[in-house]
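For reference, the structures are reproduced in the following blocks.
Note that subunit A is present in both complexes that follow, paired respectively with subunit B and with subunit C.
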Partner chain A sequence: MLDILKDLIYSSGAVSLTGGNLVMWLVSFVLLYLAIKKQYEPLLLLPIAFGILIVNLPLTFLMEPEHGLVWFFYHYGIELDIIPPLIFLGLGAMIDFGPLIANPKTLLLGAGAQAGLYVTFFAAVLFGFDLQEAASIAIIGGADGPTTIFLTSKLAPHLLGATAVSAYAYMALVPIIQPPMMKLLTTEHERKIVMGKLRPVSKLQRVCFPIVTAMAIMLMVPTAAPLISMLMLGNLFKESGVVERLSKAASNELMNIVTIFLGLSVGATMTAGTFLSPKVLFIFFLGLFAFIVSTGAGLIMAKIMNLFLKNKINPLIGAAGVSAVPMAARCVHKVGSEANRRNYLLMHAMGPNVAGVIGTVVAAAILLKNLG
Partner chain B sequence: MPELLAPIAGNVWKVLIAVGDKVELDDELIILEALKMETPIYCDDGGTVSEVRVKEGDSVNEGDVLVIID
Partner chain C sequence: METDWSKVMEVFATGIIGVFVVMILLQILTQLSTRIIDFVENFGKGEESSPEPKSPTAPSKD
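What follows is the complex of A and B.
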């Protein structure tokens, strides 16, 4: 009788708990709090936080290769790069590229903000990360979750949890991180610049955009294909107007389903053993740095463009060149309307914002091509 | 007859005025919702509201007339 009791105790997870597990519980609880109480990106943080919790309960073997339930989600969804492109399919079906088509020069802002990635890349190398790790950290500055996961899972899978969580966390923190940088780099006068109405975009242009963009980008950077092809297919679903069912399925049901597996798998990579190292803390620091530099690069790019433009753009929209859609555009709109209450920058900021998505994918593809 | 136009596309979240109300420069007349964000639309000119062209829940395009003020 006593032996059975002993056996029960020794086979229970509680005996195998480590201090690291307890710390990870704490991390999980903090993220759960942020997701539920503060509603910071709850669709992702909630499953991520729960994933962290369950892999830090010993002897469950949920992440045991070829054995654990969550390992299968992770292996098929993320290691084999299936989920991030599917998320992009859904994003494509939701994104309105109209503001970018109406004002194509905002593409430069979406590209300009990516300069922050390269600055961070070299900073991370200086701090002793290897090239693959540095690239995975730098991409956080693009503020695009699926792209970050896509690149990290190929270059530095051991950092996946940290880069994904910091990308999503900083996206949620856009309204706190960006405004100080925006005010620092622009004058009151510049923030007051009102931009005229966007020109209307015809249906033909909307339909051609995803086709032409997909062809152009994949011919230039073939490694961008998995993400760009799905993004543009989703957008073609939306703009063609003839497959509303597919468009809805991609942006609602499919997106929601894969989000569950994405969040859970990303969280499950964060076992105490992989997550609790000084390196990881540094990732959060460098990720924030990447985000700030990218914001600054977008703003400066906008100011440079203004030197050549007759109709000045409001340089704030450069900050939307990071691809946190639509958080960055909202943030631009808010800061702009604080300077001038009749300033409605939302749609103008959506141009660089959606261009930022494309820019981040291209930047990731270039890093992948050179380092993968 | 000054018209108040929608500066951005979105849904009408709140209509804060009714026909006959006296309004002044910079009063909030309508709140639009676009991309999950509330954007107040301010009065450009003082006067009396003679017509409200939208109701809460309507979706509007950029440039649509929201309110007419005499």
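What follows is the complex of A and C.
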């Protein structure tokens, strides 16, 4: 009887617990708290937090190659690049490119914000990260979770958990991080600029946009194909109006299913061994730096554009050039309406916001081409 | 491991320039395609709203 009891105790995971496991439980509980209580990106943070918890329970072997359940999700979903493009398919079916088509100049704001990403790449190299790691950290500045996961899984898979959590955490913190930067880099007078109504966009223009964009970007940067093709296919589903079932499936059921597997797999990469290192702290710091610099670069780009434009734009919309859709656009609208009650910037900010999605994919694809 | 600074500069410069080139080209293409569509749609509308040529009146029997 005693032997059975002893055997039971020694074969349990409890005796194999390490201090690192306990710290990771704590990280998991903090993320669960943020997801459930504070509702910070709960759709992603909740499965990520649970993934961290279960993978740090000893002897479960959930991430054991060729055996563990979550390893199969990770391997087939992320390592083989299935999930991020599927997320983009759903995203495309939800995104309205209308404000961008109505004001194509805002594509430049989406490009401007990516400059911050390359500044961070430089900074990360100075901090001692190798080039592949630096690129994976820099892409956090794009504030685009699936693109961050796509690039990191190819260039520096050992950093996947940290970069993904960092990207989603900063996306959730847009209303806290961006306004001080917006106020710092713009004057009261600039924030008060009222922008005219956007011109109407016809259905044919909406249908042609994803086709033209997919062809143009994939011809110029073929490495962007997995993400951009799915993004534009999803958008074509939506705008064509003839495949409502597919559009709904992509933006609801499929998106929800892949989000579960994505969150769980990303969380499961965060074992104590890979996560508890000083490097991870630097990643969170550099991720924040990337996000702040990208926001600033977007604002400066808008101010530069104003030097040449007859009809001035409100430079605040440059901050929406990072691709945290639609949080960044909402944040711009809020800061703009605080400066001037007559200001309604939401739709104007949606242009650079969706341009930021395209810009981040292009930036990631160029990094992948150079370093992959 | 020593950092290859020439590679760092190459990635930095090609990255920034590359993103801008792609986005500017996309902007031009978007403007061009929307203008063409605007033109075609306005042309179609113009044709629809233009008064139809009067049908030749039937010759009076009187």
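Operating definition for what follows: the second predicted complex is superposed on the first by the 372 of 372 C-alpha atoms of A that agree within 3 Å, B and C clash if a C-alpha of one lies under 4 Å from a C-alpha of the other, contacts with A are read in each partner's own complex, and residues count from 1 in each chain.
One rule holds in what follows: a residue touches a chain if its C-beta (ideal position, glycine included) is under 8 Å from a C-beta of that chain, and two chains touch if they have at least 3 such contacts.
No experiment lies behind these values; they were computed from the predicted model shown.
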Clash or fit, subunit B versus subunit C on superposed subunit A: fit
More subunit A residues in contact [subunit B versus subunit C]: C
Which superposed partner A:M255 touches (first subunit B, second subunit C, both, neither): neither
Which of subunit B and subunit C A:C208 touches, first, second, both or neither: second
Three-chain overlay, vertex subunit A: subunit B-subunit C angle, C-alpha, nearest 10 degrees: 70
Subunit B versus subunit C as contact partner of A:M171, first or second or both or neither: neither
Which superposed partner A:A216 touches (first subunit B, second subunit C, both, neither): second
Subunit B versus subunit C as contact partner of A:Y344, first or second or both or neither: first
Shortest CA-CA distance in Å separating subunit B from subunit C in the superposed model: 20
Subunit B-facing residues of subunit A, complex: 197-198, 326, 329-330, 333-334, 337, 341-342, 344, 346-347
Subunit B - residues contacting subunit A, complex: 7-9, 26, 34-37, 39-40, 42, 62-63
Subunit A contact footprint on subunit C (complex, rising order): 1, 3-4, 7-8, 10-12, 14-16, 18-27, 29-31, 33-34, 37-38, 41
In the complex with subunit C, residue positions of subunit A that touch it: 100-101, 104-105, 107-108, 110-111, 114-115, 117-118, 121-122, 125, 130-131, 135, 201-202, 204-205, 208-209, 212-213, 216-217, 220-221, 355, 358-359, 362-363, 366-367, 370-371
